[in-house]
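In the two complexes that follow, chain A is the common piece, with chain B as its partner first and chain C second.
Now for the complex of A and B:
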């Protein structure tokens, strides 16, 4: 197990991360125009200023040396600093990540709480329940989430005035950040309940939007996983031994359906990050997605470069985690490992 | 006598949902082809006297607008119809680009194996290490916003699934007798793989390309929505949504209709793709 893990690290994790760093570094060097002149903008500047800035950003050195400097700093945890705010990229990222994580966790939570039982019900009852679930899954996977978000805002927020349109919490609540997760931090204030409710209300629409596509995917996988498992010999055996339908479905069949479900959960992390870019932009959610769009608009290249590397690292870690969870949920895979 | 039989067979094989998808897609394609004759007005001409007219109303100058007009007085119906043209065009461009390179890379990786395979597949892993939209965003940021760069970026995003599908197919096919025979009769690598192996890997490839078509349209609209895709005044659905967003309360139809068209198109592609998959992949070679 340990040997397998380390082999995975140096044969997949590290090379891909290295590749991502190369990709982000050289892609951003392809940008048409001089980055320094772009940064100085229309005001321009005298030639000395341009040269000074070029030297300060290290852009006067050969490309390969620039990459070497970037990597050796990155390994030591220094991803450079934002050109706009002058803050280190890692600090900016760490400040925004909790907001994105909070949104993603809430979205993931309700997706799983609804997706898995509903998928099982569809596989169990078939008939109109099944048709309904398949329908939801088809519609959900085709919804352009930016449109879905705007439609929800139009009816739920603007039309019926039920939920807030943007931000993380109503302005009158001043919650000092401690963990970065507002749902936790509100409990350190004097009057936590109203602030907690407000934070929860602000989370509802964005997490609904963020979770919709994933719900569609999860429903589909759970349903087909269970249907496939129901045809297996071990399910027939369990039935023959006298296990009730309920037990067979929730214990025996669900267990073998875990493998595709874990795959989908792994894929979801990627789609949560992608979805965060759009969802956060629409709902003015102060997380990493909005940060990246802002940096792209402002051509803040150190930030973009660092963000790509951090996102790739997160994705790769999730993939690694998914592989480990596979071994945990499916003993058959553990057997293949030792041989 | 022959025609009805063909259609009956076709729809039976596609299944119910596949047929619904086919019909939806046909409507979108027809709208795209007939956009100019069907449009009552120009999609880009600005009429300052008929700004934000609600759907079905008549403008001060006595013209009727079925879907209303936008903030610059452009007829929404005409823009939505021309938007179909733009989106279908983007979809085909993405399919052609990613299909072309995906086929070449997949054939190379599958047939040669060894270091060629390693290099290509590591590159593909790399493209998959980033969330798809983020990759497209970064590529567009590097190349500059615009429709062409947006298509390029989205094709890059669709490349992994196509390359992997074809590589898997080639790995199954390459040990079969006909490949051996073809090689030993002196066919070149090109002839063996492009005319021998490729046609035998078509079924999963077609399904994958169908999904790439829908995903390409969706991603292009997302880039357009973020202001990095098609640029005004081109009537692209995502860009229209971004423009209409500022008038969500005063002119909600500017948000509803372009998005609805996008949704119907993507739904059609996905349904049709599912139908195709059941038809092409559940008989014979099951993957």
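Now for the complex of A and C:
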């Protein structure tokens, strides 16, 4: 196991990170536009001044040297400073990641709690239940996110006044950030309950919107996984030896359906961690997705390079975790490892 | 979750608690500030959060106007040769007490030297903090214009200029000229925490910084020792909401009291809502189509005139701006002093356009490119739509136009280098001086700096504008600018398109708010009625 782990680290982890850093660095430099000119906007400045400003950012050095400086600093844990805010990239990232994580966890909660039971239901009952569930899931996966978000805001928030339009918590609650997770940080204030409920209310719509597409996808994965397994020999054998319909479904078919489901869940977690740009923008959610798109528009090189490196590392971790879970759910893979 | 627990849960969720404490004013702003130091930022959302709220300048723009009034300086004198500006500072102006810092003295000349020194002097202890880029100060060439700043006594400061500069007083009211506390600077220096300067601001402004949660909320409280009197609201909250439609919805549900930059399409609904009101005013801006006069065939004024006659610009006002703009005749908006209303505009006439093309020897027209603005601005809400209309108009006189666009930074870079044939662009003034439009966008020096995207260096025009810069008498300046506008119209380096109107929507409870011509949102004089 330990050997397998270390092999993963040096055969996959490090080369991928190096590749991601190279690719992000050089692709970014190939895109026209420049952080200094962007800062100057419509106003502009004379060429000497622009050059001096570029030099201050180290952009006048040869590309390879710039890359060398970036990597040597990155190895020591310094991802540089944002051109826009002039703050260290890591500080900016750490300030935004908890919001993204909080939203992702709640969205994933919806996805799993609704998606898996519905998928099982559809596979179990077939007929009109199946048609209904699959139909809804098809609609769910083809909804344009921004439209769905605005429709929810228009009816749930403005029309019926049930939930707030956007933000993380009502402004009257001044919750000092400690962990960055509002659902946790509210407990450090004097009157936690109203603030906690306010934070939850603010989470509802964005997490629902963010979870919708994934929910639809997961539901169909579970359903098709089970249906596929139902045709397998081992399920037929289980039936033949007299196992009840319920037992066949829950014990035999579902377990074999886990493998593709875990894969999809891993991909979902990855995409949720890198931020949900549209959801974050519409609901004014202060996460990493919106931050990196804004930085991209402004050609904030240090932020984009740093964020891509961090994202790549997170994706790799999630993949590693998925691999470990495979070992756990699929005995065949454990065997492969030991041989 | 069992049924009873879930019922309790949903009941709790259903409790709507939208009540604000009595005098908390919530402003739905459009974006996060880059930081809290107006010296180092260039964008409107940052200026709203720092210079308009936390800081003051020696002189200020009057609320809702481009005129200048006394700020931290009580009075000032200008020497006869126009090179020495002496400011008499206002006594007993207090800085905020914040972040463990308690000021021991009122604002004085040291603070003025400290604030400008940081931007001008490379050896200033704070010059290199935050990378030492002062884009505004540099692009206004303030470093070269200001030769020396001297403290005459504790409450008197003298600025010596290296050349006559008529817009200098207007420049002193701009955001980058905000006054910071030297004492606070020394306090941070002693703690070796200079980096905190730009994120933990201490100023003299109407509000004191409380907290900032990135991309979410900025909290301020009113400053009880503000020199111009304590604001009438107790707390000020910026709820950062980038999507304009969402901002409008938040306003409707009462989650905020005032919203920045409403989407033109949302205006009718906002105007209809009984609990809301919408204010508007002429924007200090201009949207234009620039011809690259360094390239054929746009080097020929006849071709430019032909295009001006061919464009149905009235139509753009209704189709693109939805009527929320006035047709632009001059590069400067009608609300600005020296605007020349006697200038005769090019009317929409296909015959005249064809005639000019014939004179230019291009009876059959030609093929060219037009770049459409990739961002939405008050001076041009939809570059693409306007481009399509222009394309159709020009096709009628035989000019085949290919539409192109790039993302914003690329668009700026390429148009500054003059890679375009025709390009849509615009400008929002930032100090209310005509020089801020006519010289920056059309002067010869700006060809080099890139902001003159028509790359039009026409000596008769340039001489008038340069002369107006060094004459201090306003009447004479005005005459020079009036003449310059006549030359501009005759030479037609741009098709002037529109001056977009600026809107703010707010709750009917809001009183005392005025739209600032430069688009700044300031809440020092705002009240919330119950």
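In this text, the second predicted complex is superposed on the first by the 299 of 339 C-alpha atoms of A that agree within 3 Å, B and C clash if a C-alpha of one lies under 4 Å from a C-alpha of the other, contacts with A are read in each partner's own complex, and residues count from 1 in each chain.
Going forward, a contact is a pair of C-beta atoms (placed from the backbone, for glycine too) under 8 Å apart; a residue touches a chain by one contact, two chains touch by 3 or more.
None of these values were measured; they are calculated from a predicted model.
Counting the residues of chain A touched by each of chain B and chain C gives the higher count for C.
Contacts of A:59 after superposition on the shared chain: neither chain B nor chain C is touched. Looking at the shared chain after the overlay, A:176 reaches chain C, while chain B stays out of its contact range.
Contact with chain B, but none with chain C, is seen for A:293 once the two complexes are overlaid on the shared chain.
By the touch criterion defined above, A:322 lies against neither chain B nor chain C after alignment on the C-alpha atoms of chain A. In the superposition on chain A, A:143 contacts chain B only, with no contact to chain C. Using the contact criterion defined above for the overlaid structures, shared-chain residue A:154 touches chain B and also reaches chain C. After overlaying the two complexes on the shared chain, residue contacts for A:281 are found with chain B and with chain C alike. Once the two complexes are laid over each other on the shared chain, residue contacts for A:168 go to chain C alone; chain B is not touched.
Shared contact residues on chain A (touching chain B in one structure, chain C in the other): 31-32, 150, 153-154, 158, 281, 297, 299. On the chain A side of its complex with chain C, the touching residues are 31-35, 37-47, 49, 53, 56-57, 81, 83-87, 92, 95-96, 99, 150, 153-154, 157-158, 161-168, 170-172, 174, 176-177, 194, 197-198, 200-201, 204, 281-287, 290-291, 297-299. Chain contact summary for the complex, chain A toward chain B: residues 12, 15-17, 19-20, 23-24, 27-28, 30-32, 138-139, 141-144, 146-148, 150-151, 153-154, 158, 270-271, 273-274, 277-278, 281, 292-293, 296-297, 299, 304, 308, 311-312, 315-316. Chain B makes touch with chain A in their complex at residues 17, 122-123, 125-126, 129-134, 137-139, 141-144, 214, 218, 221-222, 225-228, 238, 241, 245, 248-249, 252, 255-256, 258-260, 262-263, 266-267, 269-271.
Listing the residues of chain C that touch chain A in their complex gives 12-21, 24, 26, 34-35, 40, 42-43, 130-133, 135, 138-139, 141, 198-199, 210-211, 213-217, 219, 237, 239-243, 245-246, 249-250, 252-253, 255, 406-410, 412-414, 416, 425-428, 440, 445-446, 448-451.
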